[in-house]
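Lettered A, B, C and D in written order, each chain numbered from 1.
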Amino acid sequence: MNTTAYQRMTRDQMAARVARDIPEGAYVNLGIGLPTLVANHLPADREIIIHSENGVLGAGPAPEKHLTDPDLMNAGKQPITLLKGGSFFHHADSFAMMRGGHLDYCVLGAFQVAVNGDLANWHTGGPDAIPAVGGAMDLAIGAKSVFVMMEHLTREGESKIVKACTYPLTGMGCVNRIYTDLAVIDVTAEGLAVVDCVPGLSLEELARLTGVPLRAMLETRD
Amino acid sequence: MIDKIVPSAAEAVADIRDGATVMIGGFGTAGMPNALIDALIAQGARDLVVVNNNAGNGDTGLAALLKEKRVRKILCSFPRQVDSQHFDALYRAGEIELELVPQGNLAERIRAAGAGIGGFFTPTGYGTQLAEGKETRVIDGRHYVLEYPIHADFALIRADRGDRWGNLTYRKTARNFGPIMAMAARCAIAEVREVVELGALDPEAVVTPGIFVKRVVPVGSA
Amino acid sequence: MNTTAYQRMTRDQMAARVARDIPEGAYVNLGIGLPTLVANHLPADREIIIHSENGVLGAGPAPEKHLTDPDLMNAGKQPITLLKGGSFFHHADSFAMMRGGHLDYCVLGAFQVAVNGDLANWHTGGPDAIPAVGGAMDLAIGAKSVFVMMEHLTREGESKIVKACTYPLTGMGCVNRIYTDLAVIDVTAEGLAVVDCVPGLSLEELARLTGVPLRAMLETRD
Amino acid sequence: MIDKIVPSAAEAVADIRDGATVMIGGFGTAGMPNALIDALIAQGARDLVVVNNNAGNGDTGLAALLKEKRVRKILCSFPRQVDSQHFDALYRAGEIELELVPQGNLAERIRAAGAGIGGFFTPTGYGTQLAEGKETRVIDGRHYVLEYPIHADFALIRADRGDRWGNLTYRKTARNFGPIMAMAARCAIAEVREVVELGALDPEAVVTPGIFVKRVVPVGSA
């Protein structure tokens, strides 16, 4: 697949790229899996407040192992710490923060994102798959900006950015920006716009891999 | 560094525009944000829509704002009081619009706005004048009225202690509408008795997490 | 009017009569005005928890004047104290307690109660009257048992217990029991049933004064 | 004297009947009321409907209740976990009914039950499989799905400290569903780490007021 002169970003490079776009003072929810890595790359000189759906604002990094507290976990059930200024609240209040539009950003993993911003990330729809949705649908419709973070291509080399999702939807038209190991792409009313991509990868090659129309961001800025 | 502390009430309310919807905390005088209201009176915005449980007491605070004819419409549950003379005069003269809302529906509509709920079925008011013309429905054999959220541009509330992240605690029954109004407004401004260091508030006892608060103004004891 | 050999109960006697029916452990909301007196007559050997709509459970008696705290009031804006075991909460939670059916009893004043349990207590409907509803409609539909406490007759000698309310309704079919200065009357599916009445007043005389069918409670017990 | 303290978990759950709807607190293992669940397993009730965020972890607690085939139906948001083998097996064998609910809708439906709301319009899930067949509506240009409350006969929750009036505090993210489940159940039973004297809990920091709680069982640290 990878015959041209570009390097795909590592997972940590992707996380660092996402982290760069999160400003001081933002309230952010990081989804389970790949998005969790973003926390490790937030610049130390920015105060950013991490929300976890299970009732905490101001989630801090994992504690040293011997300080793990089974009552202090994130949504992925990983041990966390609480920053000064953090707070605890119950589930209805926690999801009021999402649904009510109080979170500035959420970062979600995805199976597929469609050109219109439709998101599929909760269920493969396979007949033997046990469905589980968690807070994904609430985050998808709730945060002011919904970032998706995923590999650009499946293991089989198919684009996860698609004309229309074939997996069951998490939310309709909800994605604002897509971070992949190849590029950063905005979902706009006029279609997908490439913000940047890895060195050595041309827009033409990216569009060919992706299989849907892409344009460069600058061309469409007014 | 996140710093929501604003040194003066005047600064905190400077961007309230004519025509804004402003929630004002307080039940009677308990929890009434007098410093913020005085600053709003001095600031000059008019044609306001105000949401408060009452319609002013005596000659100060909300009553003074009404007296200055700066309020086009008020949503409240209990305007008539022994000392609501300024509201009474405006109402009788047809100079103020009143939307009378049962107190629990008022609270729930405010909370719904903060929680991103589009509408809800409440049993309160069914079969009364205050539900006339509203959609009704029988659910599980009980009669309900459909009520919609009340959103606001600003919330002016009084809390007890606050920190630079906007976390708040309240004092006794002065809590009343403060926490839900903070959720329902685009910009919640809290006057507080005391600003404390980040981390000084017990994370288990924070009542309004900072995500709902944009500005904190230290004003001392009421 | 009062030519026969009975004495109307005083307001304190009425309050004591209501208090007798409130059991240990009950959660009770006492409306503004006459019902507030009930608190003074609750037996000292029963723990009864008073709810006030402005966000307090465990409201205690008024403090000595010099200990009055403007942040600790009841719904009538009178100073109260807090019992050990009391708690504070915001308005949406306070009305969830009512609407959600968590209060055992509320005691409300009334203009009129109809034979079907309709309650009118918020508005005379007069053209110059300024309407104010407060929490009355929420209490009317919320408490497990709704007690009304009122004089039996208006100053003009007309019964406040009526075939159908002529004043605007607070709630439909919501009253369970009526306490007047003449009698205690249950609202049942088969009509009004007199539980007891003041000594010297016959059921016939009471029915004549009331102007609607009444029967003695015992006759209908099965 | 009000005394909601029940000395043993066995006594506290003795009246849970076959077919009961039982809410069980906890997000993953944090806040899981293990002592109450073990007592419910020993008690023998079957054909239960369980409401929990997950569908059991490992071999203990809720997973053990499932393994015993005592649960007819489960409402949850995230059944599939690395260690949800007992649920997975039952589900694949068609021996348990699953109602999958987005986590925020689950929380809000539970809260609605406790708050006496008959139904509400939520944006979460609109346009997805999980809203199929449900009533939808456009309100102010946004799409919503109508969701109904989830009531329960019993709630089994874990809190940190409790008193004889049933007031509760929680510990960190173990708070999660506890406060709203307590509101939504006819009979809420809390296991607590520690029972304290009445008045020992700060009235400003009580998270679940005793009105929502019927029984408090001291079980010590988890």
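Here is the rule we go by: a residue touches a chain if its C-beta (ideal position, glycine included) is under 8 Å from a C-beta of that chain, and two chains touch if they have at least 3 such contacts.
These figures come from a predicted structure and were not determined experimentally.
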_Target chain D, source chain A, minimum contact steps_ = 1
_Using the contact definition given at the top, which chains are in touch with both chain A and chain B?_
D
*Give, as an integer number of Å, the spacing between the C-alpha centres of chain D and chain B.*
32
*asked:* How many angstrom lie between the centres of chain A and chain C, each centre taken as the mean Cα position?
replied: 56
*For chain B and chain C, what's the span in angstrom between their mean Cα positions?*
29
*With chain centres taken as the means of their Cα atoms, state the distance from chain C to chain D in Å.*
35
*At which residue positions does chain C touch at least two other chains?*
82, 88-89, 92, 95, 98-99, 142
*Identify all positions of chain D at which a residue touches two or more other chains, and write them in rising order.*
108, 111, 115-117, 122-123, 170-172, 204, 207
*Interchain pairs in contact, sorted by label*: A-B, A-D, B-C, B-D, C-D
*chain D partner contacts - residues on chain B that touch it in the complex*: 108, 112, 115-123, 137, 139-140, 142, 144, 148, 169-172, 202-205, 207
*Could you pull out which chain D residues touch chain A in their complex?*
27-31, 53, 77-81, 84, 87-88, 91-92, 98, 100-108, 110-111, 122-130, 143, 170-180, 207, 222
*Which of the residues in chain B end up touching chain A in this complex?*
1-2, 111, 113-117, 163-165, 167, 183, 198-199, 201, 203-204, 206, 209-212
*Interfacial residue positions of chain C with respect to chain D in the complex*: 24-25, 27, 47, 49, 51, 57-58, 82, 84-89, 92-93, 95-103, 142
*Touching chain D in the complex: which residues of chain A?*
52-56, 69-73, 77, 82, 88-92, 94-95, 98-99, 123, 128, 130-138, 141-142, 168-172
